[in-house]
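These notes open a run of structures that come right after.
What follows is chain A paired twice: with chain B in the first complex and chain C in the second.
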Partner chain A sequence: MRRFFLIYFTFFKQQIKLLIEYRMDFMLGMGALALQQVSLFIIIFAVFTRVSAIGGYSFNEILLFYGFSQMVKGIDHVYNDNIWLVGWGKIQNGSFSQYLIRPINIITHVVMERIQFDGFGELIIGAVIFVYAKITLGLDFTFVQWLVFILFLISGLAIFFAIKMMCASIAFWTIVSGEIMTVAYEINNFTRYPLDIYKSVLLKSVLLYLLPFAVVSYLPMVYFLRSSSHISQVIGINYSSPYFLIIFIPAIACVMLSAAFFIWNMGLKRYSATGT
Partner chain B sequence: MIKAYNLTKEFKTYKKYEGFSGAVKSFFSHEYTTNRAVDSINFEIGKGELVGYIGVNGAGKSTTIKMMTGILVPTEGKCEVNGLETVKHRKEIAKQIGVVFGQRTQLWWDLPVSESFSILQKIYDIPLKQYNENLDYFKDILDLTEFYLTPVRNLSLGQKMRADFAASMLHDPKVLFLDEPTIGVDIVVKEKIRKAIKDINSKNNTTVILTTHDLDDIEEVCNRIIAIDCGRKIFDGSLTELKNNYGKFRSVKFEITAKKNHNLNEILNLSEDDLICIENETELEIKFRRDVIKASDLINKIVTLYDIKDLTIMEPQMEDIVKEIYAINKNYKT
Partner chain C sequence: MSLFFSKRKEMTFRFFYFYSKELILKKFFSKYFCFTSNSLKVMYTYRFRIMVWIIGDFTFLGVEYYLWTAIFKANNGVLYNYSLKQYISYLVAGLLCSRITECFLDFEVAEDIKLGHIIMKMLKPVNYVGMNFARHLGLSVGNAMNLIPLVLFTGIFIGFQKVSFFVGISFFLSILMAYIIKFFFIMFLGMTAFWLTNVWGLLLFKGHMLAIFSGQLMAISLFFKIGTSETVFLPVSFISENVIRHFFLGLGYLSYCLPFQAMAYTPAGIYTGIIPQNQIAVHLILQVFWIVFMYGLLQFTWSRALKKVTVLGG
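Now for the complex of A and B:
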């Protein structure tokens, strides 16, 4: 573990140097992401000039979902960006091979190799929106609730990680899987709005179990906003215990992670390095 | 040190058709052919050996190296490095081996050589003292100093190769795999790399396996040669053994004043398997087996028959020897 942080720190230092070298690229990247977020924010705002609630949720409640989802997305973007390249050509051009000759875990190596500072933009804006919404809603967290919040945050990150890893693994079979990754990743946009507005059971199930982005942002926030009976009705699972979601969310994350590692390892065995 | 048992790798290639309509057809068809890139290869390589692994393009050299280093999983058979099976002990083996792929750098594109090395120091967990010693040693032997602080993307091919070579040796691996380490680099860099290989081998008794198309590499560095063709092992032995068994033909080239068309096979009483001559207006080239006739005897004879202006004796070239191995192997099959 100590060694892991040592290696990570070394990579981190190098990334900082690169950041300084490519500062223009960083500014543009972060600027573009910020712009994207502001425009999304404007869309939400515009919608609420016409309606007073979406699926029974007020403007500030929607902002809470949005802010939290951007925080998770931002953190994921910062630390787990290199895996995109596995889907987008590392297998195709054979540069993936170098991970296999290093005495450390392959996936950790992939993750450590790149830190995407652009993601800090998403994270900061997400956090600002979240905090603003939380204050205006008068939502006060107790210490235990903060712990639950962190548990949800970690689970969300794990789900993002698992989805990206699964999609990247497909490249072991198909050589390139960037498009699949992009499509799967973009599904997370569905969950900026509460699951309540989706009537289709199929879509709900996809967002809960297959590409569980609803478990990343919607469920954690609605846990703080609505009663158990309301949530149980939306997700179609009958439960009464107030602790249900505290188990359910990490459980989904664990299942997703296990599945991702399983597919990844299966793919590794199939990996056939290209060229000489 | 390295053992390969019945090592086999099969690749499936889906049948492809030509042109656009062919591409559409290929998309829907699932016909494939299985080709064995490496076919039941067995060998054992001892500690400190310098092995040249040779073969034509597509013979299966790189595939074998990739199985030995744990990058590819063999279809059949297994490979052991230092008693550990490659597939099962990837991480442990990674610590004990160094790998250089001549066609691909393992350094980080955007980082200076120095920084890449310091990351490798952490990844391989190399004690600082050992790291600094090795660094000084390689800076010296491979002349890394002049570009040590340059980003890898700005290095020339030769510089990159030297940096890559040093990178693969920083952790004092017991086995060094070099897949075409001298490809595309000039003669000076080639010399440096060869010298470094020999130096490391004598210093640490490192086992080295290298694939190459440059037969000078083999002649200068290796003491054992394994040749493969179409995935099968066709020769395994020492360099002298190779030369004795295959380099049997020598040739002499005479510059002559006039064409005379003597039948030398008859005159010397040798069959066409043992002596071949090609004659034109100004040149007479004779290829002969050195164990049936001595060069001096042959020359003495020719001098009496022709008016000779000049002559050159050509020793068998590594290249010819290799061609011969491949050719003989082809005959076996048909």
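Now for the complex of A and C:
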């Protein structure tokens, strides 16, 4: 464990150096991601000068969903960005082989190699929005609720990790899988807003089971906002136990994660350098 | 470098000298046409990538469709005298316009500059910007073909609006101009790599500026509507109505100061009637202004860059 942090810290130092080299580019990149947040915020804000609720959710509730989803996305963006390169050409140009000859676990190495500071823009704005919405809604968490919140957050991160890894490992077969990754990742845009507004059952099932982004941000927040009867109606599962979601969300995360590791390992066995 | 300059000057001279002769003109076009057909072929080498774009577009439209449906439903089906159908067709038209004018060459130009490949391209007896335009044309043909599923989908489920002859002509003119503005702008952005080297952040920034100021997320006219009419609700209790109105009015004016609205909002707005008929002329004139401005900017940047360029190895 100590070794892990030591190596991580070494990589971290390298990243800082890289950052200083292209200072302007970094500032613009971070500004860009922040701008994206702000522009989406403006849209929601603009709409709510005219209507009082969308799909039964008030402005602050929508912000809560939005802030939380951006927070998870931001954290994921910060620590787990290098895997994009596996999908986008590390296998194609042969640089993936360097992971295989180093005495670190491959996936750990991939994660450690890059820290994407741009993600902090997303994370900070997401957190600010989330905290603001939480305060104005008067949502006070007890200690146990905080624990549940953290469990949901970790499950969400695990799901993001699993989806990205699963799609990246397709590259073991197809050499480049960045496109699949992009599509899968873009689907998370659906979960900026509550699942209630999507009237299509197919879409809901995709967001709940196939690419479970709704489990990342919608279910955790709606757990704190709405009664279980309302939720069961939206997601189409009949349940009565109030603890259902506390089991359901980590369970989905575990399933996704094991599937991702399974595919990744299967791909690794198959991996052969492209010869470039 | 001196070799390059003399050669390039000579080439331009020759072109202008023989410009009227048909044969040379034909040669000129066939030369550039190679780039066009080539870029199209390159695009279709990666067919899977195209699938991804198409799915990405549908995803975007899906989110927007359900979001705005919920919004309009919450407001009894109308939002500032726009109907849901009109607004959805605006969003679709906006997406189509921005896809038609789409240009990814900024990244390629920047990469050329960063890696030094540009020197080899400048040595060729073609104009660098002209060559890129030829390639852009090819990519656009590809883009247009990729839009077929989206157009079909729209035709079946949403339906196309019938427009008058005048609107049709102005739409056509406006999308043509939007295409040129976008191209000049993208070239300019790519060339900033001469100074910035790494442009990833800038390009990302451009993407999000485009999203908000080209009316892709929300029609620009809505900014003015919010700015001029009374707000019904105050979403945030400590921001007064006056501030909100001034903010959105400012946002509206700002988007007319930036070139982005001329790239997608104008054609889409004209087609779907979000821009009323009596304002069409103003928008078209604004687009002409942006073409001139962007052309000047591009010329300026390119000439400055040529003086500055140093390639090590290449």
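Simple rule for what comes next: the second predicted complex is superposed on the first by the 274 of 276 C-alpha atoms of A that agree within 3 Å, B and C clash if a C-alpha of one lies under 4 Å from a C-alpha of the other, contacts with A are read in each partner's own complex, and residues count from 1 in each chain.
Keep in mind that, in the parts below, a residue touches a chain if its C-beta (ideal position, glycine included) is under 8 Å from a C-beta of that chain, and two chains touch if they have at least 3 such contacts.
Keep in mind it's a predicted model, so treat the numbers as computed, not measured.
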- Query: chain A superposed: clash or fit between chain B and chain C?
  - Reply: fit
- Message: Touch test for A:L40: chain B only (first), chain C only (second), both, or neither?
- Response: second
- Message: After the superposition on A, what does A:I54 contact: first (chain B), second (chain C), both or neither?
- Response: second
- Query: Counting only touches as set out at the top, which of chain B and chain C does A:Y193 meet: first, second, both, neither?
  - Reply: second
- A:I16 contacts which: chain B (first), chain C (second), both, neither? neither
- May I ask you to decide whether A:S95 touches chain B, chain C, both, or neither, giving the answer as first, second, both or neither? first
- Item | Contacts of A:I247 with chain B and chain C, given as first, second, both or neither | neither
- Task: Classify the contacts of A:Y271 with the two partner chains as first (chain B alone), second (chain C alone), both, or neither.
- Result: first
- Note on the structure: Winner on chain A touched-residue count between chain B and chain C: chain C
- Message: Looking at chain B versus chain C in the superposed three-chain picture, what is their shortest Cα distance in Å?
- Response: 7
- Note: overlapping chain A surface for chain B and chain C spans none
- Contact footprint of chain C on chain A as seen in their complex: 22, 24-33, 35-36, 39-40, 42-43, 45-55, 59, 118, 136, 179-180, 182-183, 186-187, 189-190, 192-193, 197-200, 203
- Tell me, which parts of chain B touch chain A in their complex? 11, 62, 66, 69-73, 90-92, 94-95, 97, 99, 101, 103-104, 106, 108, 110-111, 115, 118-119, 122-125, 179-180
- Item | Touching residues (chain side chain C, partner chain A) in the complex | 48-49, 51-52, 55-56, 59-60, 62-63, 66-67, 69-71, 74-75, 79-80, 196-202, 204-209, 211-212, 217-218, 222-223, 226, 231-237, 244, 248, 251
- Would you pull the chain A residues touching chain B in the complex into a rising list? 3, 6-7, 10-11, 14, 17-18, 21, 94-95, 97-98, 100-105, 109, 113, 269, 271-273, 275-276
